[in-house]
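Presented below are the structures under discussion, each in the form of structure tokens.
Paired with subunit B in one complex and with subunit C in the other, subunit A is shared by the two complexes that follow.
So, the complex of A and B:
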């Protein structure tokens, strides 16, 4: 454990930028905060919950996986020398769950190469970032337990900095980072964690909903209701840290040459399960919404969810962004009240 | 997986040895590996599938129709139905394409050994089931009685017609064919849905394994019939169809409850899926 004065953080990030492509929260002119290449002028720590998880760093919205040339499929493998500074604990859990799935049984080499190359620096949350946060219910936050290189605890004038990996230890070996008595650090972090966890409200409906799904007592009317409201935008899946479904398409760029591209897909779309014959085993929007939520809350893989409760990491973004209010919070409430 | 590149998505080059027309819009393609590999090393099992790539058109899962006992060529029986299969039908002897695989869990040949096997196919469902059928016939002494029930919608749509006709001359396989409709009155066998064939077969459910492959509508009725005849649930295996993209359990398209059709299937024991509502 080390300690860093708050005023020194921009200089530290600047130093790290010499060795890594540092991506950190950046306040844009429009008032939006996005993760962008570190720039001392726009860097901010007042970023709350980033609009998007960092999923696209590991599984880009669209990526070329093969180049087609002279009758061959030539592998296109992008590595990454990036550092992500300021990840939230829920998103780290999302990344870890997605990583477990993508590397289980058969390894997805594209995901693995990017995941291994990226340095992950977490900023522990001192409380909920907004009213939809429910990380404590699903065991994903407000601080990360594993899967990061460094974790910062914001104590006001200073940060306590915890290294989890060898790479992380190297990063905080320089003069900006001071030593701190282990017992003193332990007490301060414990206080921070207790205070942060208490501040985030529990969602008992989530566990009730999981039980109801398990015993098969959820009425189809719940799904019919949401199915009628859904506008099939797919946004809930795209902002979800654990949604990794993709489709693969070929594009001919010129005669004899082309690209094989994979891009995000979502179980909310009718074409997602439609077979060549025209038959669709998930033929209604109600069934598709049921699938999405059953995958998170019932059919998740025990190994992939790691120390989490289920396949949802409680970031609340689906509830933040769904234009017609079909987020996990709304769905588990409807199931619990059904 | 017979792929040495380390990248599970890397397609391997193959060429077409010959194309054999089947029925309208259905063809059998015989393939040869063009990267120096052999079909023996490819190591496919009856009931598995490959991902077929055509340059610039995409990739699609196609079941393997030939058994591992016949390694001169890998055979795929294809219905012309989309972008990739349309492009495939424009190809001819010597054309180049790519495949990767073999993928999925095939038919349980080890469990079937020493037992009676009832194969029930509907329509294009015979394409994957043929790999098992020919395997059983090629290793005939390893299995007890073999019964094939095959239903199509009309007499014009019988796949592998000449192969099936050949079974009339064999006394080591019982074959029962049905057509849903016979408007021209040319069909000499049973007319009606495939479950009607059960009345023509003497079955002993407790030492018989039933293996199904057909359109979704077939499963419900055949399952009802098998269960009412007293087939134990763990004697029923079925090959399910789902939209698949990656073939290795990553893309998510073919999920059925907590399973993926491409890796946990496509062949499932009935006991594994009976409680999953969306499975059948």
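So, the complex of A and C:
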């Protein structure tokens, strides 16, 4: 096990920036923190829950997958040499679940080409980042069990650094990182984990809701209530680490030339399930919301869920951002209380 | 805007978006808020769930109708009668804010005289709204402390638009609902920067900050700043008058920026004639719009993501945006294009950035004096008036005193829509937008998901009318007015009342403005998009 003095972290990131495109939390002039190219002047560890998961690194909001030029098609395959420093465990689980889905039956080459190149460095959470965190309920955090290259445990003056991959081990081979006795490190990490897990509130309503959905005992009134106020912005899907639905569209750039682009889509939109005849099996917003939440809590695929509980990783962002409060937390509460 | 300026001395939204969450009652009229201002609509829903009341006055059963405690489905174009009727009840029942009226307003006697004619029975006749509903609405609005009035184009896009606005202002003053948080008269602007365009003098009669061109002192100030002499003090033309002048041959050249009158102006076959009659037409836009196709010169401009600068939103908040991506091809920022046109015409403008321009705005526009670049980059915007570098901005207007001193009651009498349905044209057509598209679709119809969600124009028609005319969902129908006809699919829905059809102006395939009536509000020049007579026919 390795240890790193807190004061050395910016220098380490600077070193890594020589070989990788390092993205890390960066505090902007307005006080907002976003993941941006590492800059020692704006780098911060006071970033709580990143405002968005790193999903767009693997599945960009929109990406060109084909190009038509001079009468010929060409596949466009973008790789990535990025390092994502400071990922949270819930987002790592989200990335793993999404990755499993994107490679399960047919491998999605565009997704895979980026996923393979990206280095994932996790900062384990010492407690909840805000009141909507519920990773312990769904088994996604507060620390990652797999799927990362390095994981940092913040002990104050120093970080304990755990390597999971060969690439990770090489990253911490240089002089900044000291050795620490494995038994001592193990005890410290165990203490950190116990303390962190205890600090995050369990949400019993989530498991109750999963059971009620399984029984088929949820009244349609629940969905009608949410469907009535949903404004169909799609935001819950866009901020969700495990939502990977996309649509494909073609654009003419000039006569005889064009692009095929895929971009994020969402099951909240009527056109997502509308059939060619005009019939829509999910014809109302209530039914579309029902479908979305059933997909996370009932009809998820066991293979993709890995060690997690369900298709939701408990990051709480849908509850953070939905302007009319239709997040997973509100939905499971309404189901449990129904 | 003209109506509010006359009543209060300022034509903008009096209060702030954040205050919506704290309101106890909403009077919502002529705004399909969840569709057109969704983030204001969501705040209304949240407030409702915490116990706020909603009075909705709208002929259509919009999403907010589901939440309304009282839904007044008044006949199209009867807003003045409806609001006068409410004021009649408030005065009759003596539940108006006497102290406020005495201390802060003028002309109350005139108001009283006019609204006394609008008894609940009379109003029921004109508007179709039951007297008991009207009374309930009047009492609730008058007696709730934090009552916000919200309106949008459903109030303004009438030949009586200015009267409608003045009447909204009358109602709010009568009940003392102006000058405190979570109250006020709140016109929701339909575009992200339409408030900013007006603030910057994009109107025929003012320089920036509503400084009148007719005022010599004001002209002198701008002449000094710009190093020129003899700025024209004559008020210019509104867009609707420009089109008429072009058609007559009085107007020879037109420079249009970011506007698509070929789809957005009423009676569009006449717009095409007018534009074709010009000697010279320049269009500056980000896409080749229907209007740009007619131009002698097209100047490609940058989109929002490709430029830096500020926007002023509906709540008078100025916010800064930074360029995110490089523009394609030869597209350039609007300000750069204008500077170069000016330079080549013999007047060099020496700005190097939007920051330079903002500095000039600060110097010449008192209400924007404290809204500096340095402050904007450090926060989330400032609301005008913001008079100095230390001024915190103004979340709500008219605290203690109206901008013009005393607020003026400007009573109006009801006038029906200009084109009342008759035997031949027996429906009223009202127009608007849907959630997924913006205006003439130059941008949103190029976005595949948005176009998938709303791929074609629909004509909303009431089930009773549909049955009578043998129309089923998705049948193609023809709408015919005295000016033209369009074909589109029918959506049979009780969202619209009987004898009313609704459609949108997003689609070039069925340009609804071929049908609309080119009559204008005499003061603001706004066209009557919200009501014209049509006939409906099912196509075989």
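Everything below uses one rule, namely that the second predicted complex is superposed on the first by the 335 of 338 C-alpha atoms of A that agree within 3 Å, B and C clash if a C-alpha of one lies under 4 Å from a C-alpha of the other, contacts with A are read in each partner's own complex, and residues count from 1 in each chain.
The rule is simple: a residue touches a chain if its C-beta (ideal position, glycine included) is under 8 Å from a C-beta of that chain, and two chains touch if they have at least 3 such contacts.
Note that the coordinates shown come from a computational prediction; the quantities given were computed from them, not determined experimentally.
**Student:** Putting subunit B and subunit C on the same copy of subunit A, do they fit or clash?
**Tutor:** By the criteria stated at the top, subunit C and subunit B fit after superposition, with no clash.
**Student:** Tell me the contact category for A:180 with respect to subunit B and subunit C: first, second, both or neither.
**Tutor:** After superposing on A, A:180 lies clear of both subunit B and subunit C.
**Student:** May I ask you to decide whether A:34 touches subunit B, subunit C, both, or neither, giving the answer as first, second, both or neither?
**Tutor:** neither
**Student:** Looking at the overlay, what does A:5 touch: subunit B (first), subunit C (second), both, or neither?
**Tutor:** In the superposition, A:5 contacts neither subunit B nor subunit C.
**Student:** Once the structures are superposed on A, label A:199 by its partner contacts, choosing first (subunit B), second (subunit C), both or neither.
**Tutor:** Neither partner.
**Student:** On the chain A superposition, what angle, as a multiple of 10 degrees, is formed at subunit A by the C-alpha centres of subunit B and subunit C?
**Tutor:** Taking the centre of subunit A as apex, the angle works out to 80 degrees.
**Student:** First (subunit B), second (subunit C), both or neither: which does A:155 touch?
**Tutor:** Neither subunit B nor subunit C is touched by A:155.
**Student:** Between subunit B and subunit C, pick out the one touching the greater number of residues of subunit A.
**Tutor:** Higher number of touched subunit A residues: B.
**Student:** Now for A:233: first (subunit B), second (subunit C), both, or neither, which partner does it touch?
**Tutor:** second
**Student:** Once the structures are superposed on A, label A:263 by its partner contacts, choosing first (subunit B), second (subunit C), both or neither.
**Tutor:** Second partner only, subunit C.
**Student:** Applying the document's definition of touch, where does A:249 land relative to subunit B and subunit C: first, second, both, or neither?
**Tutor:** It touches subunit B and subunit C both.
**Student:** For A:45, using the defined touch cut-off, is the partner it touches subunit B, subunit C, both, or neither? Pick first, second, both or neither.
**Tutor:** neither
**Student:** Once both structures are overlaid on their shared chain, how near does any Cα of subunit B get to a Cα of subunit C? Whole angstrom is fine.
**Tutor:** 10
**Student:** For subunit A, which residues belong to both interfaces, subunit B and subunit C?
**Tutor:** 247, 249, 265
**Student:** Going by the contact rule set out above, which residues of subunit C touch subunit A in the complex?
**Tutor:** 34, 38-39, 41-43, 45-46, 66, 377-380, 435, 448-449, 452-453, 474
**Student:** Which subunit A residues qualify as touching subunit C in the complex?
**Tutor:** That would be residues 29-30, 228-229, 231-233, 247, 249, 263, 265, 269-271, 278, 323-325 of subunit A.
**Student:** Inside the complex, what are the residues of subunit B that reach subunit A?
**Tutor:** Of all residues in subunit B, those touching subunit A are 1, 5-11, 13, 53, 55-60, 79, 81-82, 85, 96, 98, 215-216, 241-243, 245-246, 248-258, 263, 278.
**Student:** Okay, in this complex, where on subunit A does subunit B touch?
**Tutor:** 65-66, 68, 71-73, 75, 77, 101-102, 104-109, 244-252, 256, 258, 260, 265, 267, 272-277, 279, 281-282, 287, 291, 294-295, 298-301
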